[in-house]
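Consider the two complexes below, in which subunit A is the common component and subunit B and subunit C are the respective partners.
And then the complex of A and B:
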């Protein structure tokens, strides 16, 4: 816990220095790095605990999600979204869904986000001047939704159960492997699997027809 | 710290350092290999003045790149511009972590696999990181803020995505015969049943061709020499950053060769070695050397093809990927299904 709070605090300090006193970025960076190294060296035991890494991955996931929305450059937003998807894949790994983790990287971060990158590259989107919140109704709506979200989080955290952080028992040895998922897909969920494939073929044919030049 | 965890960390650390060192040395010397082999093919001498046989030429090249002025033009988008070469390099090296280079040894009282990470879905990890390799090229092209780079980056991304499909289809053939996603199981299966190239030659050819396209090597060289005078997606890079792209291409080649060898040529297997009755360490050394020899052979094939075949046009390239390799790959899957059924009966 000490290492976690220490590292997050150091990142916050560095961000503050970079935005308020940009001229002192380099010495601040060196100091932050040195203190971080010392903290890690003193708390090596935490580096091999799953809890620590879960918190770090969660932190990176949330920060990258926030940066997707805040950053003015759309391409960098796409990159932060890719970072977020990697963190989600790591969460899948922590939950023992190894096949899903790799598929998340292959399909979502590796194919769908490439299409996002294409679109951003080709559309020549003008850079916005930072995050601006619009006028009256939008501003009040944003504040109201933010309050609702805060209340939800408060309620959820206050009423969380006392379940252990990582429960090593109680699942099959093959859980989450490609073999088990394949077995389920071809026996219990066969209909859903086949209908999803038909849906994908229909979408593919539709895309080809829409993009095709007129047949002469 | 828990002694088991400490042992795992030390073992992985040593393996990572060793693998990284060996791969980087091979990558650095590939430029010498390329220049000498291309000279041999073109009936001339290559670099033979710097050191014996010209072997210190890569060192001289490295020093030259170090001293070159690194011009980052003012119109590039700097954060992404600096990030892009790393995004090409890292996936190639990480993919090498799941490749088995030798059998499992008993050293210091423990069983040590000559593989950094023997994950349950090794083949999928390979596919995942080759998908990530697309970003480096696309972002390098975009961040350069230059029309030629942008087009080079876009075309390269389209090429990489199309040939990723062909690689996936070829890998499915291997997957079907092996029955497992672990790369060490793939090698073990080939040790028992014969190398995959003997049973799946079309799949092997599809994989090899797609591997050429995935590493942006001739004849699929369009992104690099696309506009012929302007260098495509790495136009605006100079000095050490250009060296990063150059080395990233060779690192990709090494990884692709290692994958071809592992999936189709039996990895580290030497047929007939078991009958010699050597000690475990000697057998392991011979098998690791055999793996290196096979990978070296495919690196030679990479260079050989580069200096033999002219470059494809963009539409020829896309036609080959979608209308050529994909049907052959699907036919390969049919053939392999037939084989698996025959074997099961």
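And then the complex of A and C:
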């Protein structure tokens, strides 16, 4: 029974993903294969669990980040970055930060990314030719340093001492709400809050001066 | 679901963004990769705030978003100024201060 339902879900997901992605591109194949593997490996009961969806969201976030880096067209990069920001907003929701999730969608995906889209369309940039991957010794050095960095990161995350488990029920009611964030901003972090306004003014004036027709 | 999962995702996203900054030629895409890195740090902040049940991480994410907005505005203005002078957004062409 579970196997049959899983098969039906697999076919539905396959059809949906297939129609969404461009036909027969390599990322489409990878995505469909990964989703199919996950669906076959798990049974249907897992589909309602938070953990399963976290893995799916994480996979989508990583894939869209990779696409931001490797896609030659800046416009497509912006759209994949917006997808990545939505995934991170979902993670914020999972991690009990409702207000930050909303802010992430409105400010990041809504305002900052529109600025990027605007500039990309304004400058009408042609496709990029090739990545800036250096020569032999530079590249091997970079790979070695990257491996060291990855090992350090893995070590740091693995041996973090006491790590409590994820427990959605263990928080006071105000955790992550706009009310609590506002209270903290206007009491304990008042100075930083006011400094942020000065920073924004400075950035605004700087942007206006830089984008003027003639620099003096 | 342990917090390590989110830390690993954050580390991966940060690494991908870092590689993008080093590898791409287009200044706008480099700015986007910086946004990617800032977002990875935000995710790590929120994960730690969730683990420690303290809201200080949320406040930090708030300020990181402010700085990201300022950085995007100024960075894109610089890209526009560069494009106006050189007719390109390739960082290889803006090499006046390069040693």
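Simple rule for what comes next: the second predicted complex is superposed on the first by the 133 of 216 C-alpha atoms of A that agree within 3 Å, B and C clash if a C-alpha of one lies under 4 Å from a C-alpha of the other, contacts with A are read in each partner's own complex, and residues count from 1 in each chain.
To be clear about the criterion, a contact is a pair of C-beta atoms (placed from the backbone, for glycine too) under 8 Å apart; a residue touches a chain by one contact, two chains touch by 3 or more.
Source: prediction; values computed, not measured.
**Student:** Examine A:63 and indicate which partner it touches, taking first as subunit B and second as subunit C; both and neither are also allowed.
**Tutor:** neither
**Student:** Would you sort A:83 into first (subunit B), second (subunit C), both or neither based on which partner it touches?
**Tutor:** A:83 sits against neither subunit B nor subunit C.
**Student:** Using the superposition on chain A described above, determine whether A:114 touches subunit B (first), subunit C (second), both, or neither.
**Tutor:** first
**Student:** For A:102, decide between first (touching subunit B), second (touching subunit C), both and neither.
**Tutor:** A:102 sits against subunit B, while subunit C stays out of touch.
**Student:** Looking at the overlay, what does A:91 touch: subunit B (first), subunit C (second), both, or neither?
**Tutor:** second
**Student:** Looking at A:184 after the superposition, I want to know if it touches subunit B, subunit C, both of them or none. Which is it: first, second, both, neither?
**Tutor:** Touch partner of A:184: subunit C, not subunit B.
**Student:** With both structures placed on chain A, which of the two partners, subunit B or subunit C, ends up touching more residues of subunit A?
**Tutor:** On the superposition, C touches more of the residues of subunit A.
**Student:** Look at A:31 in the shared chain and tell me whether it touches subunit B only, subunit C only, both, or neither; answer first, second, both or neither.
**Tutor:** neither
**Student:** Overlap of the subunit B and subunit C footprints on subunit A, residue-wise?
**Tutor:** Overlap of subunit B and subunit C footprints on subunit A: residues 99, 103, 111, 122.
**Student:** Which residues, counting only subunit A, touch subunit C once they are in their complex?
**Tutor:** Interface residues on the subunit A side: 50-51, 54, 58, 61-62, 65-66, 68-69, 74, 77-78, 81, 84-85, 88, 91-92, 94-97, 99-100, 103-104, 107-108, 111-112, 115-116, 119-120, 122-123, 125, 128-133, 142, 146, 149-150, 153, 157-158, 160, 163-166, 170-171, 175-176, 180-181, 184-185, 189, 192, 196, 199-200, 202-204, 206-208, 210-211, 213, 215.
**Student:** Which part of subunit A faces subunit B closely enough to touch in the complex?
**Tutor:** 44-45, 48, 73, 75-76, 79, 82, 98-99, 102-103, 105-106, 109-111, 114, 117-118, 121-122, 177-178
**Student:** Write out the stretch or stretches of subunit C touching subunit A in their complex.
**Tutor:** 1-9, 11-13, 15-17, 19-20, 22-26, 28-29, 31-33, 35-36, 39, 42-43, 46-47, 49-51, 53, 55-56, 58-59, 61-63, 65-74, 76-81, 83-84, 89, 92
**Student:** Inside the complex, what are the residues of subunit B that reach subunit A?
**Tutor:** 1-2, 5, 9, 77, 79-80, 83, 119-121, 124-125, 127-128, 131-132, 134-135, 138-139, 141-143, 150, 153-154, 157, 161, 181
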